[in-house]
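The data blocks that follow each hold one structure.
Both complexes shown next keep chain A, but they swap its partner, so chain B is in the first and chain C is in the second.
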Partner chain A sequence: MSTNRHPIEREELMAYLDGELPADQATEALSHLELCAECQTLVADFRGVSQELMAWEVESPDVGIPSEINAALGERLQKREAAKVGSPRLINRVMTSRWVWAGALAIVCVVVGLTLLLTSRNRNEGRSTTYPSMASIEQYLMPDRNAEIALARSAAPQSISSDAEIMVLGWRGYETAIEGKNGFVCMVERSWTSPFNSAQFWNPKVRVPICLNPAGARSILPLTIKRTEMVLAGLSKAQMIDSIKAGFDNKELPAPEPGAMCYMMSRAGYLNDAVGHFVPHLMFYFPLTDKTSWGADLPDSPVTLNPQFQGGPEPITEFVIPVAKWSDGTAAPVM
Partner chain B sequence: MNWKMVRTVTFRTFALVAVLCAPRSGRAADAKTPYPSMAPLDEYLMADRNAEIALARSAAPPSISDAATVMVLARHGYETAVQGKNGFVCVVERAWMGPFDSPEFWNPKNRGPLCFNPPAARSILPLTLKRTDMVLAGLSKAQIIDGLKAFQNNGLPPVEAGGMSYMMSRQGRLNDSAGHWVPHLMFYLPLTDAMTWGAGVAGSPVLLNPQFSGAPEPVTEFMIPVSQWSDGTPAPTDMDGH
Partner chain C sequence: MTSDEALMLEFQGGSRAAFEELFARYHKPLYGFFGRRLNNPERAEDLVQETFLAVIRAASRYEPRASVRTYLYGIALKLLAAERRRFLTSSTSEQSAPEPKTGGTPECMLWVRQALEKLDGPEREILMLREYEQLSYSDIAELLRIPVNTVRSRLFRSRLALKSYLESEAKSNPALRPNAGQPHPGRRGMQ
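Then we have the complex of A and B:
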């Protein structure tokens, strides 16, 4: 990875995965990861290698030593012992030799390293084109409607989501599964609400639980519904972008209302392959503005810019603020 | 919003008011109104101007506050000590920025560092300046409230969308009870229901700050605690500061 093309080095990516980067660098890494397919692949590989190393165990040999060889070895050893009574046994010499152990360890490391490298390369080749186009619709749907309702509700504390309207994804778009009472709307967004240039745009595994407040439900939810309908209608990215632009031009799509925000505090969500469920956070929506107006992405600032919209094409700026707990009240990791 | 929700929000808001505004119980035992009236002006001023500038800047990370305008309190009101470049304005607020019914309204020890972002500097900071001018002119609480109502009709700009501020100083002192409390951000909206942001309900990270809430300023103020102080050190995650 060249520093000319990426603002973060490989080593920094590894530190990011280990949670060792300072908040500002972690934020920068996350923003870059969201858009960089190459880095997402690298992150997935790092994670894979880590998991394989964690899971690796020395296996017992599948093939036993043939009885003839065993017998011959035994006979030979007996002869040697008889010839060298009082001298150290060969096996003891071998077992107590540091050089032999060091050599064996080196061989094991080389073998494991080569295996992981080959596995990683094979995976790399497969992942560079992981989500080039839309998967079958079934892969984006959740067959268990109640599971989708529960996942949607997990975006916010129960005190909010239990009275919220719940929408679930059907074959033709989102539909109301449960009417709400408090003006909030909870749903599970799919990958196509990512930036259009995101490598995860067609990732069928993405499940993003979100609860929009009343102002967000009126002015941001229509964007999710619009994108989803166009996706399910089979429009290309270029067609969707054109349609969204036209929607804002002719006021079919609303500008963000003052105070529009949402909860994303689910530990059960899956935002993308790189970050998994990420950290619990709130998001705030504004007409397109400079990120410095909130001090976003500056060192030690708790505010980050979400690249979800940002004029590409929606004229909306979205700020993210991590919070301390998941919606179920359990403590979350610090970003 | 059902009654259960109303009760919950009311209770949590009351609890927050208790934390942010109430004096220590020991002190309360000594006197029910420990700060019944304004102390001598010198007790509210900071003798060391540079110390006040540093305290104001501590409200936000240096990446923000280093380029901010800094205002300090003088005998006739706030004055610009450092001209900024990024549109943020950092100040150290005094006790009279609390709710008018707060028992600490005249606590001379309170120091509330905060940095307003550009929209808040244009539409919320004027409230701080106006209250302060009236306090230093010797007006009573009733007169100040009347003055603020008049200001709303003549001169006070409407709350700008996106108005917010940083309060991440570990050197501040918000009141006798909470001390520096926890680092947090504040968000300003035209007067609205707390439930529009899910503020104050069980498990919500959003709190309603009772600072304004129509008494008399037509501003609703939400708070969200964050995990670090402005200097980057970790902060307590419990809202009682532990």
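Then we have the complex of A and C:
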């Protein structure tokens, strides 16, 4: 395969499938993949290998915590309690020495320095797996506006997204980059559309392409806009939750309209650290609804209840249905 | 859902419930890790226990520098290496050990296992860590102490090689081949 004909290497194509390419490169890969039959074959080969490997399942025995582990656990927790009880006398004795204070201060300085160093290194290498607070806004923005537009469009088949309004995230929130004609709105959501208690809530790597249908654009999009405005305004999670509750109470935020749904069929997205680009799927929004009415989460049912709004301030129920193809028409792994 | 790292820190702080949650999350994946690499379900279960015992013993030294997932598989890899050394020096052969209990048909398992066994050891390990343990390239690089680019290139080679083995096997022994493209039945949450 000549690199003159292919703007991306075959290894990069594999990395793209594994969700290991940055969003901008992933968009480039996706654009090329749509046009290159040779690369589509390679992608199908890789997917085939992965699917064959998954045939090898290993069933683990259903066991509780074994007695050896329980015993070791009990011993450790007891020792820890004993250490807590015994420590004050020791502390009182040693704290009388000013040399101890000086030593402690030195240790604190070293620990703080190392922590800052490690935090910085982890950020640089993109390997941090916990996101306790918001990163700098730049990390959530996509510097290439065209790449964000292409990524947003990749959420739905071209027949839908080509006439959709496209919104991109700027310093002050989402703004319309391209006017639409068919009532659909496509955009790239960021991590703060996750549940408030999600460990991914501040993950700056998250890029979620989504195309909302007209009913979804009227009734679900305002929620994304509001969350984004509050995040950029620096509100705490508690303040955001209160504001959303108030928004629904005073009708500033609408209930999901009948028929509200969205397409999430991009393979260039990055939904979170656990699932990467996930699988292509559709989502349907309702006012709070019993999941059994859709047979969601029942054995062999293709419908699942998305936990996005579960336990959150939004009175919304959201069902997910995987589909067989990505937005470019290529086959996707079946759930 | 509480993150693994938060649970680990809670366990460090003395929470039994946090450990129990970690055990519930990782018992099955760790059993799969050992089960696919050893032909002995009992030893697989033993080594899962040893992994958790190591976590308990080293809890005070854990730092949230790497993910708990990577941390656990790091311990598991060390235990696996020790187990393999032990096998090499013992009279017990892996071949005589009982077959692991599998959820798929025996043909499925045999098909994949035979193909995997044809790969070079390091490439097989990288492929398995990626496909079965779902570790990122950087996590694998950290665990195996090799550059990320090496992980990527070896993974690429191993996937192509595996495809080739599977195709040649399909030609030479079509009766053995299970339904191609059978999807993984697992379901992953979106958010």
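Heads up, the rule we're going with is that the second predicted complex is superposed on the first by the 205 of 335 C-alpha atoms of A that agree within 3 Å, B and C clash if a C-alpha of one lies under 4 Å from a C-alpha of the other, contacts with A are read in each partner's own complex, and residues count from 1 in each chain.
The rule is short, and it goes like this: a residue touches a chain if its C-beta (ideal position, glycine included) is under 8 Å from a C-beta of that chain, and two chains touch if they have at least 3 such contacts.
This is a predicted model, so every value here is computed, not measured.
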Contacts of A:Phe278 with chain B and chain C, given as first, second, both or neither: second
First (chain B), second (chain C), both or neither touched by A:Ala199: second
Which superposed partner A:Val320 touches (first chain B, second chain C, both, neither): second
Chain A residues touched - chain C or chain B, whichever exceeds: C
Contacts of A:Val303 with chain B and chain C, given as first, second, both or neither: first
Chain B versus chain C as contact partner of A:Ala238, first or second or both or neither: neither
Doubly contacted residues of chain A, that is, touched by chain B and again by chain C: 334-335
Residue ranges of chain A in contact with chain C within the complex: 10-11, 14-15, 18, 20, 45-46, 48-61, 63, 65-66, 68-69, 72-73, 76-77, 80-81, 118, 122, 125-127, 129-130, 194-195, 197-200, 271-272, 274-275, 278, 281, 304, 306-308, 320, 333-335
Residues of chain A that touch chain B when the two form their complex: 22-24, 156-160, 163, 181-184, 213-215, 258-259, 261, 263, 265, 280, 282, 284, 286-287, 289, 292-295, 298-303, 321-325, 327-329, 331, 334-335
Touch list for chain B against partner chain A, complex: 1-2, 5, 8, 60-64, 86-88, 117-119, 161-162, 164, 166, 168, 185, 187, 189-190, 192, 195-198, 201-206, 224-228, 230-232, 234, 237
In the complex with chain A, residue positions of chain C that touch it: 1-3, 5-6, 14, 16, 19-20, 23, 27-28, 31-32, 35-36, 41, 44-45, 49, 52-53, 56-57, 59, 64-67, 100-104, 108-109, 111-113, 115-116, 127, 130-132, 136-138, 152-153, 155-156, 159, 162-163, 166, 178, 180-184, 186-191
